[in-house]
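Below are two complexes that have chain A in common, paired first with chain B and then with chain C.
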Partner chain A sequence: MKDKRFMKAVLVITALMIFIPVVVIVIWTVTARWPWPSLLPESYTLRTAEELFFGSHKLTEILLSSILLATLVAVLGTLIALMTARATEIYNVKGKRAISFAALMPLLVPGTVFAMGIQVTLIRMHLNDTITGVVLVHLVAALPYCITIMMDVTAAVGDSLEEQAAVLGAGPLRSFVDASIPQLLPGILSSVSMAYIISYSQYFTTLLAGGGKIKTLALVLVPYIQSGDRALASIYAVVFVGSALIVFFILETLIHRMVKTK
Partner chain B sequence: MKKRLLTILLMLAMVVSMTACGGKQAEPESADLSSAGWDEIVEQAKGTKVAFYGWGGDENRNNWLNGTVADYLKENYDIDFEYIGMDINDILAKLTSEKEAGEENGSIDMIWINGENFYTAKENGLLYGPFTSQLPNMEAYVDLDDPETLNDFCKPIDGYEAPYAKAQLVMFNDSAVTPETPKNADEFLEYCKANKGKVTYPALPDFTGSAFVRNLIYEKCGWEQFQTMEADKATVKDAIEPALEYLRELNPYLWNEGKQFPADSTALDQMFQDGEVVMNMSYGPFSVASGIADGTLPETCQTFVFENGNIGNTNYMAIAFDAPNKAGAMVAINAIISGDIQLTQYSELRELPVVDQSKLSDDEKAAFDAVDLGKGVLPQSELLTHRLPEMPADLVPVIEEIWAEEVVGK
Partner chain C sequence: MAQPQGCAVSSKERMKRRDRIVSALLLTPFILVTALVLTAIVNIMIQSLGYMPVFDLYDVTLKYYIEILKRPEVLQSLAVSFKVALSSSLSAAVLGTLICAALVRTHKTKGGMLYTVRLPILVPHTVVALFTVAMLSQTGMLARLAYAAGIIGDYTEFPNVLFGTGYFGAIIAYIWKEAPFIAYFSLALMSGVNETLGEAAENLGATPFRSFMHVTLPMSMPAIARGFLIVLIFSFGGYELPMLLGATMPKAFPVYTYIEFLKPDFKLRPYAMAMNGITLIISLAMALIYAICMRRLIKKIGGSYEG
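Presenting the complex of A and B:
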């Protein structure tokens, strides 16, 4: 009983810790001045909304390109991770420990170093300032997480059900799709969401690999945070979080529906 | 910044070692451009795209460049002009990689740059030039003998960049909170004593904080001796000793007793807006007017400078060594230094123009005079009569280093 109450308190406090800053950010989107110690802003403004919708950054275009880019990275990343996980967890591939270690390597190298090194490589491959280059770089950033997630679920799910399906006469593809995929689904969803949000929030790598030609929401948002324009930074942050949540919601519904109809 | 610079240098060293045998250099079009006539350049620029890279944190400037300037270039020269926000450190990192990889056709045409960054970029061959003598508007609008046209932070420009806008350090406070405006270093010390714990400046190497400290050094040690000083740590330290003494004397009255300083001017801006400190400073001489217009600053804000003058410098536009459209960049730069565009920069962004008043026609002069700068600022004439030159670019990091050792928490 006591335990339950304690857990509830922790839950409420955690929720508040997430909720309150979000509310503050939302208030900041229309704030002109908010000096200490006022509890509420002293004056309000609509300049942020004006800038958002009528400014020189084309919001719809930027949103679309960010979402498309992140979705592409999420799907590709999860596919690669799924294949890697199957190779190391189910089939006895040679050097599988080396593979799983190598998958985590990008996490060990600082982002700036990584981005600059990769840029030289991209220029040599004539992929700098292209969407392909940006997707590749984002993939490298997202894959460690995707692979770790997919390895865990794949190891837990195993291939016993698939074998069963095969014994019952299903082909390899059908046994994988019908027997394993539904069990892997929670992992696939986490991997997709993780890769999506990583790609969505990349700043420095997008800047270097895309050369400023590939525009994403993060590229517009970060300069305003750095320059201390709190109102503008807040409104872009709200758009950033809001659009990511909407995409997650759609993705989740889509994937669930896809599985149900199977 | 210094850390970033160091990172870039280390990176450079690494990249060089990796690419020692790769990469060949060729400059396809630059050879004929340098001898080309202006009409030829304009013709070549017609129907092309120009990408201008620079700091993207100012919404007004972004809108002005992508609006007013872009429209002007499209209409008059059939150029599609785009401004892309990127920090100068990132721009230089990008150019460095491109140089090392032997790229001949990059993506950056024009760069917004000055000071140490210009010095480093020019030394490392990241810029294209010289080109400014080919721009007709340099002759038509800019004072070619002005030290700021010839030198950037005392380092020769040699035609590698053209002036863009003038900046000048100003201080400001809210007259409703503290009506007094310190006129010199001694009055500033008194001001800090009277408002104990509510005055500070951004930690060096922040651009603005660094300029403010240099300004106090000028107050205490004069400015002339630094113009030709060698960037030797012992020499510099000897020369600025009285100022160091003064800065240490300030510390006990500053915010957090001078044990800590706000990380950058952004942090200080927010502290001032929130009422945590009573005085702020800016490199944009008319930024108070923009703040009042935006509603982020109260209407009672007032700008002030020291009676002996405040540091001013110019920021510039340069062309990348691997710019895909050098002709277009030259046409765009030429347009931006014209009286028309400088006037819109003055009226829309409230930036000090780089045009020489004596080269303007009467109509143009009248148009500049008619600009309403807004509230809380000093007139252009007062700023220009209280303007002191910058120190040599290589002294700046030395002073920043000495400040960190001798002033913080002392």
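Presenting the complex of A and C:
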């Protein structure tokens, strides 16, 4: 039992290491003055909230465009992954190993290398500084995870129910939507959630493909960190992580419910 | 008799052809995205070899690679990126495995503790940089705690871990984000192995520690190693953390590459692309070494896991 106590201690320390910086940043969001060496701020303020809503950046606009962009990437990424998984797992297309390798290839090419390499092509296709260009480079980053998830669930679900539906007279699309989609839904949602987080976190690829014209929370946060206005940087960070967490927990709750009712 | 049989064959053929067409359609968007990655790689190769017709550069040459590798600051910067990637990924693998084992051992493989471990995966690197500054700068939380505990008398006595040439800030920030990633990434395999083989070993009289070291850990290695490779390549090519937490000199290699890339004189572009080419070659070499090690490991444990 001694090892169990040790393992519990490991988890307590892990949780502390994870939560302490979060708490410190949350305190920073309302800090007016926090001089050395006090452990708590000397005075508090709501200046940051004011700056957030009425400041130089239009927060609601940036928040909205970040969420829309990430949602677009999440939906497209999951759709492409689902289609790819159908081809390899249900239609048993030739060259499955090659497809699996190609799907994981973006993990071997660092995002910085990819973004600098693709820029000429984006310019030639007139996609630089556009939403489409940013969506494309985000898709590259998200797809390896989406495809891994979708291949796993598609293989697990199989197509036996679909075939039964087809035998009973349903068309191919109808039998897929009615018989397989409900079973695939937890996997679809975890792929959506993963792609959303990846797109939401992208900094370098957004900077290069968007040319600074496509503004996301990741992009506006960096100058605040560099300027050293820690209170303002903190409130942007809290909005950034907080909004991602809200989306994440909505999706998690849905997945949880579905798995339970099955 | 021959007639209906022939009919059956041709309808089967037709089904097969239809399946092939459907698969091709299903794979089209994936192929387009993959083509994008390949295009980026080809662009880097062509431009780094000096072939840029738009700017009247036609000679295919290795001189850009050679000249880049002759710059002393390039070698320093490669060394820094290597150090950051290797030390953070190794620490993350060890700590991640420990966290994963703790989750499995205490049966906390779902619920609150698991969400806690997943939190750093959701936090973007830019925000992790802010966390690191707030915690580890000379007037940060850790320095204040050290002062309160009487360990240091003034903030100047606190070690300057941020923005120094040691890149300790970036390394710690990567560990904070990647140890939980590896724990989460290995969790499914490790808890599966533990439930079957690990507990069997314990029933046969092995202590939990021995059963972990000799059964669960080696069998979980494929997932741990794969997670390690992902974070190794990621941190080697990562931009945000060394940019926000690193020293002015030497710069991390991707940061240096981007500065070279931004130079307005397009005749200098092949240098930046050669630097990207070097990062790409090193990343692929890391993947190759991983593949060779995995093949050996799988032979050793005799498993049928795919690496």
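Everything below uses one rule, namely that the second predicted complex is superposed on the first by the 210 of 262 C-alpha atoms of A that agree within 3 Å, B and C clash if a C-alpha of one lies under 4 Å from a C-alpha of the other, contacts with A are read in each partner's own complex, and residues count from 1 in each chain.
We adopt the following convention: a residue touches a chain if its C-beta (ideal position, glycine included) is under 8 Å from a C-beta of that chain, and two chains touch if they have at least 3 such contacts.
What you are looking at is a predicted structure, and each value in this text was computed from that prediction instead of being measured.
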| item | value |
| --- | --- |
| Partner chain(s) touched by A:129 [first = chain B, second = chain C, both, neither] | first |
| First, second, both or neither for A:113, with chain B first and chain C second | both |
| Partner chain in contact with A:250 - chain B first, chain C second, else both or neither | neither |
| Touched partner set for A:241, first chain B, second chain C, both or neither | second |
| First, second, both or neither for A:51, with chain B first and chain C second | first |
| Partner chain(s) touched by A:204 [first = chain B, second = chain C, both, neither] | both |
| Which of chain B and chain C A:36 touches, first, second, both or neither | both |
| First (chain B), second (chain C), both or neither touched by A:258 | neither |
| Partner chain(s) touched by A:230 [first = chain B, second = chain C, both, neither] | both |
| Per-residue contact with chain A, leading partner among chain C and chain B | C |
| Footprint overlap on chain A, where chain B in one structure and chain C in the other make contact | 36, 112-113, 116-117, 120, 204, 226, 230 |
| Chain B contact footprint on chain A (complex, rising order) | 32-36, 43, 45, 47, 51, 55-57, 112-113, 116-117, 119-120, 123-124, 128-129, 204, 207-208, 211-213, 219-220, 223-224, 226-232 |
| Chain A contact footprint on chain C (complex, rising order) | 19-20, 22-23, 26-27, 29-30, 33-34, 36-37, 39-41, 43-44, 47, 98-99, 101-103, 105-106, 108, 113, 116-117, 119-127, 129-135, 139, 141, 143-145, 147-148, 155, 176, 180, 208-209, 230, 233-234, 236-240, 244, 254, 257-258, 261, 272-273, 276, 279-280, 283-284, 287 |
| Interface residues, chain A side, partner chain C - complex | 3-4, 7-8, 10-11, 14-15, 17-22, 24-25, 28, 36-39, 79-81, 83-84, 86-87, 91, 93, 99, 102-103, 105-114, 116-118, 120-121, 136-137, 139-140, 143, 147, 197, 200-201, 203-204, 218, 221-222, 225-226, 230, 233-234, 237, 240-241, 244-245, 248 |
| Chain B - residues contacting chain A, complex | 7, 11, 14-15, 18-19, 22, 51, 53, 55-59, 62-63, 65-67, 83-87, 90, 93-94, 97-98, 100-103, 106-108, 265-267, 269-270, 273-276, 294-298 |
